[in-house]
Amino acid sequence: MMEWIVALCLITGVLFSFFSALGILRMPDAYIRMHSSTKAGTIGVGLIMVAVALHFHDTSVISRAVGIIAFILMTAPVAAQLLGKSLLMNNYKMWRGHQQD
Amino acid sequence: MMQWLLVMPIFIPLLTATACAFSFRKQSLSSVISWTGAIANLLVAILLIQTVISNGLQVTAFGDWKAPFGIVFVADLLSSSMVLITAIIGIAIVLYSTADLRSKPFYAIYHSLIHALLAGVMGSFLTGDIFNLYVFFEVMLITSFGLMVLGANKAQIDAAVKYVVLNLISTMVFLLAIGLLYGATGTLNMADLHAKVAELPDTTMMLISGLFLFGFAIKASAFPVFSWLPASYHHLPSAIVALYAALLTKVGVYALIRVFTIVFDLVDSGYQPLLIVIAGLTMLTGVLGAASQFNIKRILSFHIISQIGYMLMGLAIYTPLAITGAIFYIIHHIIVKANLFLIGGFLKRKQGSDNLRELGGAYSAMPWLALLFLIPAFSLAGFPPLSGFWGKFLVIKASLQTEEYLLAATALFVGLMTIYSMTKIWAEAFWKPLPENAPAPVTLSWKENCLYITPIAALAVITILIGFMVEPIYQLAETSAMNLLNPQPYINAVLGGDSISHTAPLSANGIAGGSH
Amino acid sequence: MEFLWCLVVGLMTACGVFLMLERHIVRFLFGMILVSNAINLAIFVAGRLTRGNPPLIASDALLPAAGYANPLPQALILTAIVIGFGLLLFTLLLAYRAIKELGTADMDKMQHAETEQ
Amino acid sequence: MTDIMGFAINFAFAGLLAGLALAFIRLCKGPSLADRVIALDLIAFITIGFIGVFTIYSNATAFMDIAITLALVAFLSTIAFARFIMRLPQSQSDEHSDSGEKS
Amino acid sequence: MNLFLLNILLAFGWMLLNGNYASTDFTIGFVVGFFALLLTEPFRNKPHYGRKFLAALKLLVVFLYKLLTSSLQVVWDVITPTHLSHPAIIKVPLAVESDLEIMLLANIVSLTPGSLTLDVSEDRKFLIVHAMFSKDEQSVIDDIKTSLERRILEVTRD
Amino acid sequence: MSSIIFRTSAHIVTVLMLVFSVYLLLRGHNNPGGGFIAGLIAVIAFALLMLAETTDYVRQRLVYSPAAFAGSGILIALLAGLLPLFFGQPFLSGLWWGKIGSPLLFDIGIYLAVIGSVLMVLLNVEEELS
Amino acid sequence: MQNPILKLWLAFCTLLPLGIFLLIGASYKPPESLFYWSWIPSLDINFSLRLDGLSVLFASLISGVGFLIQLYAVAYMKPYKGRAAFHLYLTLFMLAMLGLVLADNLLLLFVFWELTTLTSYLLIGFNHEKEISRKNALQAMLVTGSGGLAMLAGLIMLGEMAGTYSISAIITQGTSLVQHSWFTPSLLLILLGAFTKSAQFPFHFWLPGAMAAPTPVSAYLHSSTMVKAGIYLLARMLPVYGDSALWFTLLCSAGAFTALWCAIQAYRQTDLKLMLAFSTNVILGQLVMLIGIGSSYAVTAALLLIAAHSFYKAGLFMVVGNIDKATGTREYHELAGLRAVLTISFIAALVTAASKAGLPPSFGFLSKEYLYKAGLEFGWLLSGSMLLANAIMVALGLLIIIKPFLSPHHEKAAPMKAIEHNQLLWIPPIVLALLSVVVPVALLNWYQGLVIDPAAAVMLPDTQVKTVKLWEGFNLPLLLSALTLILGIVLYVVYPRLKPRLDQLMSGLPSGPGVYQHILNAVIKLANWQTRILQHGHLTQYSLQFFIVLLAFLGTALWKIVLWQVHPLPSIELDLYYYDIILAAFLVIAAFVVVKARTLLLAVAALGTIGFLTTMVFLVYSAPDVAKTQLLVETLMVVFIAIVLRHLSAVNSVPRHSTSRRLVHACVAIGIGVSISLALWIITATPMNQEISEFYAQTSVSGGKGRNIVNVILVDFRAFDTLGEAVVVVIAGLAAVAVMAGKRINKLVSESTRENR
């Protein structure tokens, strides 16, 4: 039973990661690519870590997996925010849509 | 006791370097620390060589992990005499820089780096582990980078770029060679490698030893991979270039000698004929390079290359006499070349230039300096009975014995051209009257003069002593050469773990006398 | 499986060497980084490869699990990586200084050292 | 290792490496500097995932420390790049502008 | 007081990392954490812990749910051949004030559907957000303010 | 760079990294880790802090100059090596008192040396170039 | 002479040769070993001095004439600035010369030989403010130095052939070495040394050039001592090499030609000093010829000529020195009526010139008689050449005496001043003039017993020489002497008409200094050319050079393996998973991207990717510590580059190499890469000895108290590496700050905060 859950987490996690990568390749502009990498990437890695934690059910591994998830949740948006800010500062042209002053 | 003594040549300079680094704000304090360290070094080196002479080869295994599992330091006659010479040069440079670089803002860092460099050099001499040799080479290399860029101007930065770029190539290849050697033999200890390398297929051995030869040839500035040296040395402050000239390339030669006797057998490696050609061309191109220069430091830099050729010649001939000659040559050259650069630096300080076209009148102005110049200059040129003659004599004799006539002829011709270069400096800087548009020489305080002249005079005295006390040094070099060509006692001592005596006791006063 | 990595080492070295021959000093540095990586990998490969069995000893054991990876090359590479880092860091800043001081990143235009003043 | 785990792991390796390829293409294509940094950041994420999968595959829990380390340091390089882009003059933030070379 | 709490948390984190729950490990973790805090002094205004636990849990659940849905939304846009998005950059007025609050909000905004924080205005009054599906800017702002900012305030304010 | 979001999170992340670095230092002997790795992580932690705040902020947090850290690191490593000599063992031999041993001291020395030297460069580069 | 120390020093320098002379005279009972100190026994180089018939002749000449020269120099050098140094050099030179003739060890002899070269360099260049002095000193140094170096090889060969470096031991082996394959080479090499030192054609030119030195130097070095070193060596080697035909041919032809050629040159000179210098060459040529002949008469003649020449030539040089002092010139045409001021010098000149011209009963006459005797034994060719050379000597003698001293003083001649109130200027030449007459007339028996017999015994161990007599009745040699005199007078008479013709005739011929300068220039040109080629200053070309050499190293070894199938190539074992291949492919692709990247940031990003990929490789193959370190280091590097990048890209764009050059680069790079692949593959295909790693695994817990073997290696088994590595990192930090900060280094390193600055 546990194996099935682990496998499920793994597969969905990898799928999210893959689509995240596909997203940054396919999406039309840098802002939207960041949406893709930040959200899908985070959840992808997060799910894989959940899979690892479930697979080993060992405190040290679980603590590390949780640590990684927490850390990614904390840092990924910050990184995206700084990149976004850099784009803003350079007056990066959006693919479409508009911008408030 | 041995456990203490063998590690001190590394420990003391590193400690001194750290202490100097901590005394940034007080120049005089860092001077005192630096002097103390240098003197302690010399004492340890003397003690070490005396122990080796009286008790034979000494080994210490760090962490008490016996070879080949741990790293060992091995002091045989060769390495301990190299350490002694290094310590002597260390003192000379430290004294000299107290006068020469006192006003510089990087004074304290400079002393720190000098001692780190000495640690690297002595570690390279003492280590019995090939990877550890790499580590000490890196200590040396990065320190030399640091010294090179201290207070650098435009030309010095350019010189540093060339020095760094080309030396990094050597470093990479050296590391690769170690990797391959380890992959082929499974060991890193040089004594252990001796037997394991012998089991390798010839071609594998040639492959790996070729990489070592290439890497060390760059360090030693052999033809055709010496370009880094004349491109960079002449822009360095004299004290630094004296230190480099004396030690860095010699470490390359030392490594070549070690590796191609203890680890690989030069003859078996298949590189002997090539090395003979390299040696000849190194001598020749170096000395011709010098003949076309007018800058004292640049002339001397090119002469480093040509002199390296003699040392390589000794190794290439690969007889006991030849290697004896090479070792003798190394000992002589370290002292003499350092001294010449120091004198060049003093001239520059006095006259503000080291271009021969802008110099002159030093003979009349400073007759004592003229005398002090003559000694190392004519020693380098190979005038008997000065030290340089004996090294030349030994390698030439060895080359005649092995019927390498062309090599002998080259060595003789290079000797003639060396005379030409040395007399050129003498005639232009000393004999020639000071050019009319040249500025008046700087007058130095009595104390400064002393600080400049003491190391110069001391090294000149050592040069003369080596020239006259040839026998003990010859004995030392010969015993070393014998031990290199017949390394079984070395291997037994290193792998057996106990220090055993395998050297015939030498008259200790000869060698110790040479150091005062 | 060593064969594959021998090939990779060679190709990475080739790329690195090519870059080290370019005129832009920063490209030289990139080449150095590549070659340095390749050589670390070479040492690793030379010590033979073992899949998925790090040289660690479990808390209740005295020996590592059978078929453990060769630890010595790992230690050597660690040393080599750190030393390489030091060298590269210095080279990077030297490149910076050279560009500032000499006004060019072109190594063939750096001709101040060997022209007679 | 059971069938389902075997499949999942193989799938994971393949998927992650495919993702890596896609991200790498974006890294090469740019066009803006930010695009490359985004791609590099994602490559770090994918590498973390790969390490996780490999930990399961090899049963060597020691590898998890690498994942943590990577999570820590990838952040720093992204930040450093972002700052680099911010500090560039506007004209240089786009294509090929930081090229040190003449074509 | 809160620093102390955080310190204890760090010590527990230490024990977790070690996978070892002896008192010595706690002590070491505490000391290490103490020095780490000493070096960084992270918080200027110190939030109260404890009673906010429930609110925090609620926030977490909402957040995880939103993260999942937002990811699916992105993935959908990625795998469908046409680009569905109508991006816009929007200024969201802020009710939160402290650094920690702003950070939390910004991060959560970035990880929830359709929005990505780009910056905080100089005067800390606005969050500059890139919205992916912004047919109506006000609805985006309202969503952020009601479902996220309010919950954060519940956690952080008395 | 003055982003509130980044600054605030950087402080948290730095603390976490420092804790993790000390953890790796102490556990390195039995698990992957050790002085170098731990030192580099600490450097990265401070680098983050430096990017979020200013170099002066980092220097003030450090109290002593990075060079002093580097020097004392080398000093500690040297002394850890020297210690066994007083017990009649060769340089760098392991001396153990329970779980504490001279190799650990040595590792701490390496740790400090790495932090000191890399931070020295980092802070100076940052100050020089910005 | 106010300075008492200087006074004392001059007295010492003067009395030292006198003391040595007296000591030699007092202690001489040949042959005996004077002194033995085992200097370098391992090399058979000993400080052994031996006084036999040959050395006693030279030693007493060196010390005796040396004493007179020092005496003369005290007066002559009075106005010179560095006179103390001058006497020092002269004394050192004398000691070196003495050592040379006394040494009983080939290498000891060489040591002194080179010391004479060195000291004479200092003496020739004594007037160092003048460029010509420096130039000619160098010329002498290089010419004699090159011969000396060749001789070194010859001496080593001789010593090796004989199995000993002791000269007396070699001499006792006699002609037995002739069988050895090194006989001829060593002969040629030693001759090269002797010929250069004794200024034989074509090396003769340095000797006249050396006249740039102050006159006492010329009188000493270039008449009686230094140049005779070569003669001494030849005389010494006569028992060893004398029997070979090559010896005879070479010495006779070189000697005869030198004598003739230099005689003609001497005849052409107008500077009195140069006349004497070239005539010294003539005597040296004759001496070489005599030793080449090596007969009993020849040896006798040589032993007479050596002493006779020393006396009259030193005397004449001093006279010329006095002329120079009195008038400020030595030009023949500017001198007249000197008898008025140089009365005593004139007497000395008269006697010594007579000896030079070979007028009876001078020493010169005696030696000339024996010269002709020796020459006549070998036919007319040798005798004829001797006759011509000697006739010119007569003409020179007349030239020196008649016009400068005897012609009346006139307006155009140089003004004169009296100098002979300083006795030291005329005592030495008078003593030498006296000796030139007294020895042949009164002391001939004594000379025979003390010098000729023992010396001949050394040179010709098997032959008894005849007793020398001043008057042997009318015979062929006497006739030749008379002929010489007549021819000499004729040459003197036709001098004003012949000289311009000769000058015209010889102006087209290459001169010695000209050829020397040509060779030197050619070498310098070659040096400049090779330096331009090798040290061109283009860094990337240096790198390319280095890599090509590396490729050559790798290539040769691999060539042997692959093409010659030295050992069979291992088969390719593929134990791979698909992710291995993908990782490998990515690594290579990323590396290519770095190469192809047109922007620096792309290259950096690709490098970062390579960092991640390598991490994965280390992970896959069980190296967690390495993976972590790689990751951290790579990231830090990227951060540093990102900080610096802004400043790196904001520079003038850098052009690329030409396409063809880059093609070469690509070939070299691929060659190196492929070679490394092959090498690594060949090595990894064999099983590995993992003994050491097994030891680590076994002792990690028990000995190292750690469970992470890699870390135990780092901090225990190989902790010393780690210490070195930490040192490297710290110094790299210092160096990096230093290179960046330039002169502000101290501040940057020492202060903890910026406020303190």
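Lettered A, B, C, D, E, F and G in written order, each chain numbered from 1.
Methods note: a residue touches a chain if its C-beta (ideal position, glycine included) is under 8 Å from a C-beta of that chain, and two chains touch if they have at least 3 such contacts.
Bear in mind the structure is a predicted one, so any value in this text is a computation, not a measurement.
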item: Those chains which touch chain G and also touch chain E; value: F
item: Chains in simultaneous contact with chain A and chain C; value: D, F
item: B-F or C-G - the one linked by more C-beta pairs in contact; value: C-G
item: Distance between chain centroids, defined by C-alpha means - chain D, chain G (Å); value: 68
item: Centre-of-Cα separation between chain F and chain D, whole angstrom; value: 27
item: CA centroid of chain A to CA centroid of chain G, Å; value: 78
item: Interchain centroid distance [CA atoms averaged], chain D/chain E, Å; value: 23
item: Sites on chain D at which at least two other chains make contact; value: 20-21, 37, 39, 54, 58, 60, 62-63, 65-66, 68-69, 72-73, 75-76, 79-81, 83, 86-88, 100-101
item: Overlap residues in chain A, where contacts from two or more other chains coincide; value: 15, 20, 22, 34, 42, 58, 60, 64, 67, 71, 74-76, 78, 81-82, 85, 87
item: Chain E: positions in contact with at least two other chains; value: 13, 17-18, 103, 106-107, 117, 119
item: Touching pairs among all chains present in the structure; value: A-D, A-E, A-F, B-C, B-F, B-G, C-D, C-F, C-G, D-F, D-G, E-F, F-G
item: Of all residues in chain C, those that touch chain D in their complex; value: 24, 26-27, 51-54, 56, 105
item: Of chain D, residues touching chain G in the complex; value: 13-14, 17, 20-21, 24, 27-28, 30, 33, 36-37, 39-40, 43-44, 47, 50-51, 54, 58, 60, 62-63, 65-66, 69-70, 73-74, 76-77, 80-81, 83-84, 87-88, 92, 95-103
item: Interfacial residue positions of chain C with respect to chain B in the complex; value: 20, 25, 28, 32, 35-36, 39, 42-43, 45-48, 72-73, 76, 79-80, 83, 86-87, 90-91, 94-95, 97-98, 101-102, 107, 110-114, 116-117
item: Chain F residues touching chain C - in the complex, by the definition given at the top; value: 30-32, 36, 114, 118, 121, 125
item: In the complex with chain B, residue positions of chain F that touch it; value: 67-68, 71, 74-75, 78, 81-82, 84-85, 88-94
